[in-house]
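Here the chain labels run A, B and C in written order, and each chain numbers its own residues starting at 1.
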Amino acid sequence: MIAAAATSIKAPYIDWAAFSPIVALICGAVIVLLIGLLPGRRVREQIVPGATVLTLLATLGLTIWQWGENTSIISGALAVDRLSLVLNVVFVATGLVTVVMSLRERATVQAGQGEYYTLLLASLAGMAVLVAAQNLVTLFVGIELLSIPLYVLCASELQREKSLEAGLKYLVIGSVGSATLLFGLSFIYGATGSTDFSGIAAALSSKGETIASNPLMLTGLGMAVVGLGFKAAIAPFHQWTPDVYEGAPSPITSFMSVATKAAAFGIFLRFMDVAVIDEALTWQPLLAALAAITIVVGNVGALAQTSVKRILAWSSVAQGGYLLVGIVVSSAAGLEATLYYLVVYVVMNLAAFSVVVARERETTHGDSLSAFAGLGSKRPILAVPMTIAMLSLAGIPATAGFIGKLNLIGASVDGDYAWLGVLIAIGSAISLAYYLRIVAVMWMPDRRGDSPETDRPHGQPEIIGLAIICSAATIFFGIIPSPIYDLVRGAGESIGLL
Amino acid sequence: MVEILFFIAAIGAIAGAVGVVVLENPFYSVLSLVAHLLSLALLFLLLEAQFVAAVQVVVYAGAVMVLYVFVVSYVGGQNLPIRAVNSPSLRIAAPLFAFCLFVELMIATLGTGLSAISSEGPKLAANYGEPEQIGELLLTKFLLPFEVASFLLLIAAVGAVMLARRRRGLDEPEVPAPLGLLRPAGTGTMAESAGGGFFRKSTASASDDSTSTGRDLG
Amino acid sequence: MSLSIIIWLPAVAGALSLLAPRAVAGRLAVVGALATLVLAVILLVGFDNSAPGLQNVTDQNWISALGIHYKLGIDGLNVWLLTTTAMLFFAAILFASFREWERPNLFFFFFAVAESAVLGAFCAQDLILFVVFFDLMLIPFYFITGMWGGEGRVQATTKMVIYTLIGSLLMLVAAVATGVIAAEGGQPLTFAISGLQQAGLSTGTQEWIFLGFAAAFLVKMPLFPLHGWMPDAYRTMPLPALAVFSGILSKVAAYGFLRIVIPLFPDGAAHFQELLLLIALASIIYGSVMAFTQTNLRLIFGFSSVAQLGFIVLGIFALSPRGAEGALLQMVNHAVITVPVFLIIALLAARSRGSEDIREMGGLAFRAPLLAALFLIVSLATLAMPGSSNFIGEFYILLGVFESKTVIAIIAFSGVAMAAVYALRAYISTMHNRVGAQATPREIGLQDALVLVPLVLVILALAIYPQAPLKAAQGPAARSVAKARLALDPLDQRASTQKISQVTP
């Protein structure tokens, strides 16, 4: 009986080589968890982060090993192609930076290093699964594996009320998003009878009916977009962002603001540009409206803030709006522009967050603007990277952010959405008001009232190093952008876009 | 027969769901939830999904509900009143949005090719919904999601343990959040936009302390 | 000789001065600016007026994925502006190096970077490269104003940056759109200005793209309805920086019209000709009236430059070769007089305990004849005294406008008259009249004279021989407006071709 069943089921072929980066992350997470159980302070504070870094480096190595691959593995659950590989690099880089930022973080002690880093790696594994997902089930499992560790990590500073509040808030709202997404996905399955992206596309084109004439599909798509919008913090589903970003421990905030965003946009790109690409004309106006709202809401929301983490939270909402423009145009140029901007965004945002983390530990002002007062003369080594990051986020030339915006505007004009390009320009101009506020606080303090010296400068060379590396990269890629072009080139074709 | 069962189960499911929200005694809420889940199981059964129905009963109505009852009997029963939403705009907008969503879903389900409703129902294979078929799918087509889900459960357990335990011997016993005072009003927190919102902060109670019970998180 | 050397030399010197000890930071920047000036003069001497097209071209792939080139070149449109820029920046940096600054390393670093950016903007022959330099030249002034400015500096500098970058970002969209839309016919994507001239964009496209560029340039100058940032920024910016800011950065915008907007979007330019002429006219009137009512010297000359730039735009949008030549000459003239004016204001302020209000000055001429003479020459040049180079420039401009828009030219004449009023008022109330309550008459110092006297000599030289820049400008200016002229009046084809052959000797 058992033997008969075994012969009737043919186990799917697993391309272990192509699957290896995700395997490395998952195994690494388990190993780190086990190491964390060993006794001894040294184990906790050095070996656990060390093992995490090793895991990430192994993942990076395996990703590079698989570079150029373009296959579909494990019965079509995952796609290993340029899009997922590029984003893997982004995730690993963000993970490495987060580990370095977390080294002296109180949250790691309170949560237990083993668990903290395990959750981090698990979240990364979820992201890697998510951006490679090419059926609805994998998509949902990936998004949950990404989110659940993050809910916990947000609350990992267990003795600070705000951290717990952030975790709970993120949990509640994230669950609403997930539920909406799942509901939408089930509708899509109901309308097309397939969970595979390619199957959905085939069903849509073979039935000869458009999304617009099929309310089930339309509603499903709408709810899926809303669900993904929650994860990507697209307005009007961004409400949780400032509170959660502010409450979470800063390394986790930084991780969320770049990696989660990259993952959410990665799957957004793949889903829109593979599963429902034939119906682009139907959903383009919807996404264009969302992009416009996001750009405006994000930039205007940031204006009144006094906490730098909240400013960066709103700014990340606005940047999400820019990223959405590349999805709206649904072309290879748009996809590559979005991917390009994601890479750039990661670099410049990490530069900003490393300075925020450093200042949070040096002063008693936390992350409020006053923690940055007069930084230009007191600590130029932190002020310069922060300035570069702010100028780059605003899209000033000679920084990577400028080239990123250039690509997005080019893609928008190319896709006949020139008005979105104009909106990017106007949004950037509004954003200058708050980015420059941070710059002005650092370099142009009030001459009369010197801020009281509350600094407790202590050596944290690793964070300063991070800030310098990230900001130097921002400038470098602003002047010599070709390496990033080489990285993202072909991502559009790899998923079959023109 | 099928129709009668469907309507019984449907009414049971909706009544159960409403009961969870409306009933004030947490025990009754949980029992109402059990009724809801059992009705759902019946619906699954009507859809020829015997395995899912069984799992629904065993896992949700059985195991999870027992946990809920435990939790309620440990920490529940304090009978804290649920505060009404303060903001009038929210009080109007929320039902409005809910209604819109309801209408939209109705259009989506009724207005499309749910051809199965009108006819004899879908043509299903003989073994549809049996454990064997589900198992086969989980080991072939959905192998990866299945395995990832197991990893997800492990991670969820780790997270739960991490949040639940109280570590002893931390560096210093920290005073809970004096920094909370630093956040000025009007910075657009979600709490403000929801008119008092999720958690009443001790700092926010100055503005309207009539409804505040001074309850803090933790 | 490679233009890259000229462009980047100041920035390199600036970077060195950032690392150098405080005492020599200024000197390093001065050396860099001087070397740039020498190279620019050599370039000017070696420039061939008769050769058509670009000279000293540098062309390299910068962002190959987008077809963006690092392309530099000079022709009759920019060679004089380039040299003028190098000269005036040298003067301003030298002037600044004689003074004490907090954190001098940073100050001179920003100053030098600004020079590089301006030179780059003048030389750029690729749309995106131009936008990059155009935006980049704002950043040093943001920091200079914010860190070394006077009262209300942070607000003023933020306002300035936001105003100008709204324009610049719209220009970025317009520039990208130009390239992308031009490539839609299957041609390779390129942003080279020379390559885009052949791309026939549809009239509708040209119109909105034109507006994007115009927004950037009109804010930068600034002209009348878009000048909101100007008074605050002028009031707080340190004077050596203000001198080059007012004198040169506004010219980049005017130059952008001639280099990019009119040749690339002739239909757009023709379509909006009257709008631009009216804006220019409004600026002339408004600027002159405001200059007459202000008492702060910085604002008098700030509003005076609004009026002067009104004249320049008037000349450009006459869309005739004559007007364009006059505009180019006037750009050089205005740059050359504005810088000494603001440097003199610095000297005057130093003689009245920091006050820049003309009501608190006066009576300096008796004790400081040299300073008074310098100021007199500059003032007379400002009011376009017959015999000055400004006179010739404005004459050409008005002649160009007169040919097509007689009424506008007649009204614009009143601006010339009003210039006399405010320039003389500023001169008389500072130099003559009673000695002001705060004023301590003192002759100009040797060091400052070293800066100002040569500048004034340049003004005189231009007055004697204005043909030099005019000759260089003739051919390119006519070519720049030829297409727009055609678009304006398709029947006038014969006449315009005739004109081109006329002005190209």
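Basically, contacts are C-beta pairs under 8 Å (C-beta built on N, C-alpha and C of every residue); 3 or more make two chains touch, one makes a residue touch a chain.
Here the structure is a predicted model, which is why all the values come from computation and not from measurement.
S.K.: Measuring from the mean of all protein Cα atoms shown, which chain centre lies nearest?
M.R.: A
S.K.: Which chain maximises the distance between its CA centroid and that of chain C?
M.R.: Between chain C and the rest, the longest centre separation is with B.
S.K.: What are the two chains with the most C-beta pairs touching?
M.R.: A-B
S.K.: Chain B to chain C: how many Å between their CA centres?
M.R.: Those two chain centres are 66 Å apart.
S.K.: Averaging over Cα atoms per chain, report the distance between chain A and chain B in Å.
M.R.: 27
S.K.: Just curious, how far off is chain C from chain A if you go by their C-alpha centres, in Å?
M.R.: Between these chains, centre-to-centre, one finds 44 Å.
S.K.: Any idea which chain B residues touch chain A in the complex?
M.R.: Against chain A, chain B makes touches at 104-105, 107-109, 111-114, 132, 136, 139-145, 148-149, 151-152, 154-156, 158-163, 167, 170-171, 174, 176-177, 179-180, 182-184, 186-191, 193, 198-199, 216-218.
S.K.: In the complex formed with chain B, which residues of chain A make contact?
M.R.: 5, 9-12, 26, 29-30, 33, 74-78, 106, 109-112, 115-116, 118-119, 122, 125-126, 129, 137-138, 140-142, 144-145, 148-149, 151-152, 155-156, 158-162, 164-165, 167-169, 172, 187, 191, 214-220, 222, 239-240, 242-243, 301, 304-307, 310, 366, 368
S.K.: Could you please specify the touching residues of chain A with respect to chain C in the complex?
M.R.: The contact residues of chain A facing chain C are 376-377, 391, 395-398, 402-403, 405-407, 409-410, 413-414, 418, 421-422, 424-426, 428-429, 432-433, 436-437, 440, 443-444, 481-482, 485, 489.
S.K.: In the complex formed with chain A, which residues of chain C make contact?
M.R.: 63-66, 103, 128, 131-133, 135-136, 139, 142-143, 146-147, 153-154, 157-158, 161-162, 165-166, 169-170, 172-173, 176-177, 179-181, 212
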